[in-house]
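Order of writing sets the chain letters: A, B, C and D. Residues in each chain are counted from 1.
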Amino acid sequence: MSLNTFGRIFRFTTWGESHGLALGVVIDGCPPGIVVRPEDIQAALDKRKPGGSKFVTQRKEPDTVKILSGVFEDDRTDGPRTTGAPISLMIENVDQRSKDYADIRDKYRPGHADFTYDAKYGLRDYRGGGRSSARETAARVAAGVIAEKALAEVLDDPVWIRACLVQMGPYKIDRENFDWTEIDKNPFWCPDPVAAKLWEEKLDEARKAGSSMGAVIEVVASGVPAGFGAPVYGKLDADLASAMMSINAAKAVEIGAGMDAAALSGEENADEIRMRNGRPHFLSNKAGGILGGISSGQDIVVRFAVKPTSSILTPRKTITASGEETEIQTKGRHDPCVGIRGVPVGAAMMALVLADHALTHRAQCGSVTPAF
Amino acid sequence: MSLNTFGRIFRFTTWGESHGLALGVVIDGCPPGIVVRPEDIQAALDKRKPGGSKFVTQRKEPDTVKILSGVFEDDRTDGPRTTGAPISLMIENVDQRSKDYADIRDKYRPGHADFTYDAKYGLRDYRGGGRSSARETAARVAAGVIAEKALAEVLDDPVWIRACLVQMGPYKIDRENFDWTEIDKNPFWCPDPVAAKLWEEKLDEARKAGSSMGAVIEVVASGVPAGFGAPVYGKLDADLASAMMSINAAKAVEIGAGMDAAALSGEENADEIRMRNGRPHFLSNKAGGILGGISSGQDIVVRFAVKPTSSILTPRKTITASGEETEIQTKGRHDPCVGIRGVPVGAAMMALVLADHALTHRAQCGSVTPAF
Amino acid sequence: MSLNTFGRIFRFTTWGESHGLALGVVIDGCPPGIVVRPEDIQAALDKRKPGGSKFVTQRKEPDTVKILSGVFEDDRTDGPRTTGAPISLMIENVDQRSKDYADIRDKYRPGHADFTYDAKYGLRDYRGGGRSSARETAARVAAGVIAEKALAEVLDDPVWIRACLVQMGPYKIDRENFDWTEIDKNPFWCPDPVAAKLWEEKLDEARKAGSSMGAVIEVVASGVPAGFGAPVYGKLDADLASAMMSINAAKAVEIGAGMDAAALSGEENADEIRMRNGRPHFLSNKAGGILGGISSGQDIVVRFAVKPTSSILTPRKTITASGEETEIQTKGRHDPCVGIRGVPVGAAMMALVLADHALTHRAQCGSVTPAF
Amino acid sequence: MSLNTFGRIFRFTTWGESHGLALGVVIDGCPPGIVVRPEDIQAALDKRKPGGSKFVTQRKEPDTVKILSGVFEDDRTDGPRTTGAPISLMIENVDQRSKDYADIRDKYRPGHADFTYDAKYGLRDYRGGGRSSARETAARVAAGVIAEKALAEVLDDPVWIRACLVQMGPYKIDRENFDWTEIDKNPFWCPDPVAAKLWEEKLDEARKAGSSMGAVIEVVASGVPAGFGAPVYGKLDADLASAMMSINAAKAVEIGAGMDAAALSGEENADEIRMRNGRPHFLSNKAGGILGGISSGQDIVVRFAVKPTSSILTPRKTITASGEETEIQTKGRHDPCVGIRGVPVGAAMMALVLADHALTHRAQCGSVTPAF
């Protein structure tokens, strides 16, 4: 049923709750012989980890990853290498202030999964949201590092996956200002320095008011060869939609022109093709790099919208588990804009989907370097 | 790998090309004992089928369905009933004017999957788009009928799935005018009679100009009990995103507030809860009926954007299969707005996803009537 | 759930009942570009088909296969070639004498699935055993032809799959007489001409007495490269066990030494290795070509035991669907030794498992020609 | 691809190598609300664990299990209960004497997976067999405990799963002496006290001679309701065959009469049915409780043969990784009859298959208490 598993061939299964002993991921189907060092994974986790600025939760988690299996090193392997066996990664939870959540065990927080988990399972681990916590995404980021390495292993040319925030609250970036080199210069992964300034101000206001803001994340993969994907339920875009929508708080996914595609004319929408340097060259990228569910060789462009953090300090109407009307004010340590931490998660999901499709393509079609 | 299969437990596999002998679907995992008559499926196919108005392709296909297996009737079964064995449905192709496509076998139509199929597979069935044709969706609509029946079988209370067009080209409906009873009164499934008038005019213009328009489809399921879905990669919204994005020409999927959720404040976004008639009652539905990937008992609201039909009469720049620059003008019989026919397909996908989640829920949690 | 589907990457789904309109199979994940002609499949079906001798059921089925999708031909493809899309094959049922089964609809035939289908589903298609009939294996044989072609496509060197009957009733072949060229010279696929003579006599006795006999089928694949398979639940032998046990009437599966392995000493059992012509060479094959779930390059040797046909003319004690004790005598047209027709089915399942593992190996490890 | 995952709905994924930091299992799809205490799992692990007698490996592993996720306890849950989220279990390795294996890193041990792992992956974790070690089965036994609890949760009446050794080397038990109460009275899980005596003597001889013995394990499940299983590739017996064949060193699987079924006449084989206490009652159980792939309500009877341990002290001919002929003598700590420890593993696999089929049945057919 694959409830907590993603992928067809490069498959990963995550486990763990926000305030349990640990969380982790098991990756199966990874090609052998790939060098995987704990420090590579650690570097990615450090980028995502809580406590980095005042704009993310103040929970202090070192997020130290342990590689428990699937990687082997001796004096002949020249570094720890994947063996083809399942790779088990574990991150221990350290800073679980479970008492913070004691008073919400009986009340359903609006916008959270408290009510629906109880409705489904009849009980829930309410500490920090349990399984529904965005803390699970640490496991995705760890797995994403291995996915990127797997992708590099099977492709001749490198794939470059980048992600950024293109909207915070109602404030979009100005595409004229777009500059990838800006994303590490502000706490928002914002590619527009002007927008970053505005966001800082607006998010600080929201944070101080005990409120929160939503966001839109854009993930771009460059260098993906034409030919990844498959009809009809194995479409690359269908898998990306599932991947991004599985991220906590995601409410929409767009490929290329996305929702705006509806308003285009047929002439505007269909990307024309010319030859350049002996290869097909598209004159625009409304398609977001995917035609008929299969990559075209253009940049794969995906966006997803994340709702504002549901944990806010304003008291809100709700009910108790026994059906009494009440109010709740969510204390605890929360991100005023959970979308910020969604940036590395979106990039990780892109890597995971592409690695899986690279292997799927290799399975059915043999070569990973299509004719075009 | 499930390339052409969808679902975990209620699984269906479609096959067939636009201009092959036939197309079809095999449904596996369907509960036994459900009455399925060919005429029930036929009625749904008739709604979707080509040739219904001047706004859809003029290809004449009777779309007659045959039930080849999985259903049995004798004097004790009181109608043809599912046996629990795979249900095979077949629709023969009748009106394949393959010669219409003879001149495009060497040229890649912009916006179509011609180029990417060749890049992936090294050859393609170019007749009418082959496997990438929206003709495949007839199989989904047929399967959707059985999904709806399965859903009714496992639930105490009925689920009501409806779909409509809420935007054509840049023209959105006025939500004030929204009326479900309107959707059968115009050729667009439009719930706003004023918008329907405008669309008729605009689409006629586009059709005559040899152009095409995009659209946004909204699918609403009412009566879904709380508890369908699962963490983390088995989320109901993640599956809906995959389902809708797998539909031809889809470029975006929204749940509830969708892309607009990014612009809401935390206070606006989180739907408050009260009690009504002894049951939880939400004061708004920004969530689109899904929290933490699990249904809340509210209406499930999904929208997807469909790009304008890529087959247009305006000549467009493209290349040949051997890499020469050229132009193409797509003749043949096409929908000026393929989104119209996407309406029954979207409804069918909703039914298929919900039937699958109903059975998945029953598997893990036993009851299909959760506590709430 | 894959109830009626087999395989990871090269996946096939069968459908159809013994006395329905048709039966068929949908193959997904097949590599593109493979020439598949209806006559290739027909030749294999003709070998399996009923009515070939007095030792198999006298039902007259032409078993004519139709290729409905997934294969395309034009003047450039040099024969009908797979496109990478799902391949749908259909065989129509012609000679369904359903009235023969009218008197058994209320009685459970001992040894058949009548009772268990009713217990599970609450109803059953009792005509000729419905879904539980060995007629389903025609679809496997058809799919097996495509599997063999896929295998040839991905491997440099040919794989040779052969199957024979090595035991009928209590009468085993003499391994000293084993000669593959004999199997087409008798109606039993028997590699030992002396045993074939005896079997003819014994089976004729059983047939005339209205009784039936069991059998053991051996399937051997030569030329499989080392490296197919995977730990721990993806083992090649685990998949072969599942494949062969899924064949109607199968009650046991052996790999290599099989049950006899238990009685060997450690010294006798472990196949020693030497070098020959610059390649590893095993001095014996107790392992049946599989070590740790992965092929070793030796012959893959699988055997499965098939129980005697349960349809016999001797009256047997049973009950009715309403729980009354009664007797039943199974008339109709049946195989006195269903194991005979199990020979091509076993070979087909071997091809299907190997094709799937070839693609699985290519997915994870890239090359299909391992170092050894 | 499910390489290291087993099951459709109640799915588990194992990970870990013999001499890595730890090994473990992630169980997904488990019903919520089931009490799972570490001590329950520990008790089962203690039965399987190494070092119990002179007849099993002398490696000292405490095999202490940690429950890392999926179970939650507060003052209202009355014990730690499953939440429906993935259950992660971990067992740390303590006594890895990796130096014991240093001299075999370059030589392929006959009968082991050394050669095939290298052929497939190009490298291997040679310490103690790495992923191919029977140490992986500790994870199965741990998962099996939860499977048994899940089975008890969904069924009204208890299922009783028992396993024993019915043959060691060439020495079979005498069925006349069969007594389940004997299995805890000897170090072999032998139900025949006379055979147990003989085995002790024979295995001691083998052990002292540096040799090893094979075995046959029988697993019996009583109380399984009629209706578990499904056509055609989801057959209960096909899944049991896959499950048992996936156990290290297994070379054959039998259901009911097994290989002997081939030698029976149709009359002997088909189990007749009468009524007893208002329920169907079979007069024999040649079928091993499964007809048409679906349970009949009789005892499910499965046997599997395990080859003698390949690690023996006698020098054996082999080759090195670089293709030179050599000899090897396997030192280290090994089981003289690995089949002994296969007994709890076989019982665990039975529990895991049945739990999965119980949920699969509930998914498709609703009730877990079929009509019969």
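In this section, contacts are C-beta pairs under 8 Å (C-beta built on N, C-alpha and C of every residue); 3 or more make two chains touch, one makes a residue touch a chain.
Being a predicted model, the structure only gives us computed values, none of them experimental.
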{"item": "Fraction-based call for chain B against chain A, same above half, different below", "value": "same"}
{"item": "Longest centre-to-centre distance from chain B, chain (CA-based)", "value": "D"}
{"item": "Which of A-C and B-C has more C-beta pairs touching across its chains", "value": "B-C"}
{"item": "Inter-chain centre distance, chain A versus chain C - centres from mean C-alpha coordinates, in Å", "value": "45"}
{"item": "Rounded Å distance between chain A and chain B, as computed from the means of their C-alpha atoms", "value": "26"}
{"item": "Inter-centroid spacing, chain C versus chain B (mean Cα positions, whole Å)", "value": "38"}
{"item": "Junction residues of chain B - those touching two or more other chains", "value": "1-5, 8-9, 14, 29, 32, 84-85, 120-122, 131, 230-231, 360, 363-365"}
{"item": "Complex interface listing, chain D residues touching chain A", "value": "1-5, 8-9, 11, 13-17, 20-24, 26, 28-29, 32-33, 66, 68-70, 72, 74, 77, 81, 83-88, 90, 105, 120-125, 130-131"}
{"item": "Chain A residues within the chain B interface of the complex", "value": "1-6, 8-9, 14, 108-113, 115-122, 131-132, 136, 167-170, 206, 211-216, 225-235, 237-246, 250-275, 278, 280, 283, 286-288, 290-297, 305-312, 314, 316-319, 323-325, 339, 360-361, 363-365, 370-372"}
{"item": "Residues of chain A that touch chain C when the two form their complex", "value": "1, 9, 29-32, 84-85, 154, 230-231, 359-360, 362-366"}
